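Accompanying notes for the structure given below.
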Amino acid sequence: MNYQKILDTIHSEMSYRDVGGKVASYIPELAKIDPRKFGMHLYCGENQHYGFGDSEEKFSIQSISKVFSLCMAMNIMGEDLWERVDVEPSGNPFNSLTQLEQENGIPRNPFINAGALVISDILVDHLENPKEELLSFVRQITGDADIEYDETVASSEKSTGFRNIALVNYMKALGNIKCEVEPIIDFYFHQCSLRMSCRQLAKAFMIFANKGKVLENGEKIMRPEIVKRINALMQTCGFYDEAGEFSFEVGLPGKSGVGGGIVAIHPERYSVAVWSPILNEKGNSELGMKALEKLTTLTGVSVF
Amino acid sequence: MNYQKILDTIHSEMSYRDVGGKVASYIPELAKIDPRKFGMHLYCGENQHYGFGDSEEKFSIQSISKVFSLCMAMNIMGEDLWERVDVEPSGNPFNSLTQLEQENGIPRNPFINAGALVISDILVDHLENPKEELLSFVRQITGDADIEYDETVASSEKSTGFRNIALVNYMKALGNIKCEVEPIIDFYFHQCSLRMSCRQLAKAFMIFANKGKVLENGEKIMRPEIVKRINALMQTCGFYDEAGEFSFEVGLPGKSGVGGGIVAIHPERYSVAVWSPILNEKGNSELGMKALEKLTTLTGVSVF
Amino acid sequence: MNYQKILDTIHSEMSYRDVGGKVASYIPELAKIDPRKFGMHLYCGENQHYGFGDSEEKFSIQSISKVFSLCMAMNIMGEDLWERVDVEPSGNPFNSLTQLEQENGIPRNPFINAGALVISDILVDHLENPKEELLSFVRQITGDADIEYDETVASSEKSTGFRNIALVNYMKALGNIKCEVEPIIDFYFHQCSLRMSCRQLAKAFMIFANKGKVLENGEKIMRPEIVKRINALMQTCGFYDEAGEFSFEVGLPGKSGVGGGIVAIHPERYSVAVWSPILNEKGNSELGMKALEKLTTLTGVSVF
Amino acid sequence: MNYQKILDTIHSEMSYRDVGGKVASYIPELAKIDPRKFGMHLYCGENQHYGFGDSEEKFSIQSISKVFSLCMAMNIMGEDLWERVDVEPSGNPFNSLTQLEQENGIPRNPFINAGALVISDILVDHLENPKEELLSFVRQITGDADIEYDETVASSEKSTGFRNIALVNYMKALGNIKCEVEPIIDFYFHQCSLRMSCRQLAKAFMIFANKGKVLENGEKIMRPEIVKRINALMQTCGFYDEAGEFSFEVGLPGKSGVGGGIVAIHPERYSVAVWSPILNEKGNSELGMKALEKLTTLTGVSVF
């Protein structure tokens, strides 16, 4: 498969002009991003890297980071994790308190905000230095020490994150949060502030296309049956209340973030990341979704 | 892969005694089924059939039939279909009026009852003899003329199906139903009353693992890009509000029915059907889900 | 109290020009009404009638009729009635299926559509000729034989009333409807089609201000403790999801209809009806509510 | 009317043995109360006091205090108050986040927790020493300096009040809270911790039966039109999601608290308070409601 040629086709046929959404505006740092940014990177084997555009520029990965913290929590808790968070699509906007109320404080899945906050609680509870350990984990699977939190973004979200603080307090009232509110929120916003490029994201997510092992050095990060489940979760829950649409159009497991990034994987074939900061009304990168649909259409293969 | 050996392992290690749910009771005909029934059939290539137990006994396929009528509606309407029904997981019990009310009469997906009733409306609207044509379609893709409606089940559901009648009237009030209520309901309950064996279901669903072609004679039924989308829909919406759980545990696209049947496919590998009438509280065959989980665990492969 | 002077003040200070809503449009017969119509009638003792404007012109009383059928059902069922319908404000738009679903088919109160349909079911179940008996009852308490159904309105609503048909079927599925759907709906739409003038409504509702007796002849229609409860229901549930607003602004028990009528009573003082067909977004007569607020402000008394 | 005789009848015919609910358990101080406590006090004119049982023992008035803070907020804000809180019955349990989410942070009424927290925000925003000023106000209208906060109850609620903290943060996210979270919560829990006897409550609430004036010294506290509105709010919203039931059975405006107190008024006749700590499943004093129903049945008058 000539992946570079396919990516070049996508690059030449698509641009930010084709989409009508808006850059995320709820924190000033995200609102400042140039809406014309567009990059994509596909990684499919040792030293097999293909990309275009702004694929090496770092951006705020936001909710994509929830996959990393979920891996760490699964490694710590094993199957017990699923007593505190479910594995079903949410069917509601990504920050719904309503659903949480109806379901007694058990978030619908680990990728909605409530679920990611429970995961944060677990990591804060079990790890000595959760922020440092998350950074180490991401650097390890990416094989790249040049990944950092963006403290400006982290504090900006923290100062306005009343809804997330409400979620943590509410789940604490319902008995599903153990630690203090402050360190959970601090960890959560730092996690979301991670800055990575498409190339780094594609490298990091290769473990999900490679049965849990770092491709370049064979290091085992997770057992294959855990990888299968994380992929299943990305397939059914990775795109807020647009997971069905992404499955339907793209046909790959993936995860998006309000920074405009999307990463997707085809097990045993490749991992791919795309970045365009213009979001549709569901909060997913509009151009990113189209680019990935084009990718699976042009390659003619998806998991389905 | 020695599929027969894997199926034999499943057969010997699992039985109806392992599960604690109940046979569907809302219509007398389903309530009468022997809860000990258990059969499974895997089909992976011309004349490559593997099975055990009651795999050749016919049962009421119920909601599994929704995949057949969806295929017909997609062939008739093309992309326009998606203006009348969405492709997102429901996140609510399979017959929720609440969600429909919140979303102006557009059902969340074609596999919840409301969505299947819109599909029924489309077929009743466009086809001369919708019941006969559905039967022909199913016989054609199965390569088996011995498939019939169960008139007793159809009338039994019809006489007590007030909730479905409510759904059709409600969507008519919201402008998403065109035909009269009576023929839609008549078609819907006939479709659900189809009787097929695991072997027949595995043969019928092979088109979804074979890019839209009947395996045995190469006849093209649907275009591959439509097949990809139906598979995506089965993955995210095929199990009522347990779609995430099925993806998570089994990792294949599939569809269940309250008759206790489940069919799943692994694209380009196999299609498989299992039957055990004892349902869990979400309305899916409890033993069926366990058997399929065992299958992907023992084979070591799933779409993820 | 010089009621005529107070009414004259209301008449001179208020008109349809002061309000910005719309005449009900969902059935053609209601949409045709002249939006400038405005009438009011207050009745406070034998031959003590005060009014202005179109107070003697008949209009479609719509949901105001629900109070009449409730009286009949209470006389038939006594306390048992409350096993089939609750007495709480709905907190949701007047035709909500959502709430019904959450509460197992028990409507929140007898004045939302679902509740009124349960009342219809009861009357159809217990009475030989429910439509005739309702008419007799209304004529009896009004002391006026010149009250009729409007067959055009009744059939017009019936032919488009899919949402109400949905409600009845849905409650039948949940076990709270006993009769066939057709006669219930037929009765319901006839009841809503009753045509009465403000003067007739004020006379009819005097029984609720007079401890259950017809003022002019002393005939006992209902026991005082039942009257107290109907008044309480009008106070908390008489105005769809604007009951709080009406209590807050007007401070009297009352009932509105989408034909633009509102009737209210002050126990042991008076009953009053007002008509202006322009509705606010909650479905209540905008000018009618303002006129009644003015009335309790100018008289200086309300139940509070 | 011989009120003492009526109260004696209630006392002799009713006791805690007739009810099957439970004392509030969510804070230790409330859980410790003797469930056999039962007192009632009616006040209907200068020096006209009638009572029985534990009517002079102080208890935690909890949500009854929301009427006092509402009065203060209405005196400060006037009509502008209603831009920040609505006047409709909630139709949902008293601490529902769901409804708040659907209605953009505007609480349904000032007596549900969310509404009372907005009132707290207003008082904290406008008053120098809100806790002291509330205490002064309550002492003034009661004509009794012997009323205090219970610091143990206040801190006990504060340490476990995650749900209320969630509510404030959530409304802050939605733009309906201006002050810091901490002082709002501190004021709110102090307000709820007020300890008063039935006699004191009856005296305090006499202003609502006396057009806004302190009965004993004629001091004007509020304008009559504001009193009318507070009474209307108590009538439609004073009993969580059981307001309809209370109106229906008792027929008076009133307010309950989870400490087991209920206070009700009959405009221009009397104010009455009752205390029995056993709550029904809606959180209202079971025996208290029965006693008040008996009162309006035996007196034969209610506002309806």
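Each chain carries a letter (A, B, C and D) given by its place in the written order, and its residues are counted from 1.
The criterion applied here is as follows: contacts are C-beta pairs under 8 Å (C-beta built on N, C-alpha and C of every residue); 3 or more make two chains touch, one makes a residue touch a chain.
On a predicted model such as this, the values are computed, not experimentally measured, just so you know.
Colleague: Using only Cα atoms to place each chain's centre, name the chain farthest from chain C.
Modeller: Following the centroid criterion, the farthest chain would be A.
Colleague: Using mean C-alpha positions as chain centres, tell me how far chain A is from chain B in Å, no decimals.
Modeller: Roughly 32 Å, centre to centre.
Colleague: Rounded to the nearest whole Å, what is the centre-to-centre distance of chain B and chain D, using the mean of the C-alpha atoms as each centre?
Modeller: 55
Colleague: Distance from the CA centroid of chain B to that of chain C, rounded to the nearest Å?
Modeller: 48
Colleague: Which residues of chain B are in contact with two or more other chains?
Modeller: Expected reply: no residues.
Colleague: All pairs of touching chains?
Modeller: So, checking each combination of chains, I get A-B, A-D, B-C, C-D as the touching pairs.
Colleague: Tell me, which parts of chain C touch chain B in their complex?
Modeller: Residue list for chain C touching chain B: 96-98, 100-102, 162-163, 165-170, 172-173.
Colleague: Taking the touch rule as given, give the residues of chain A at its contact with chain B in the complex, in rising order.
Modeller: 86-92, 99, 108-109, 224-225, 227-229, 231-233, 235-237, 241-245, 247-248, 251, 253, 267, 297, 300, 302-304
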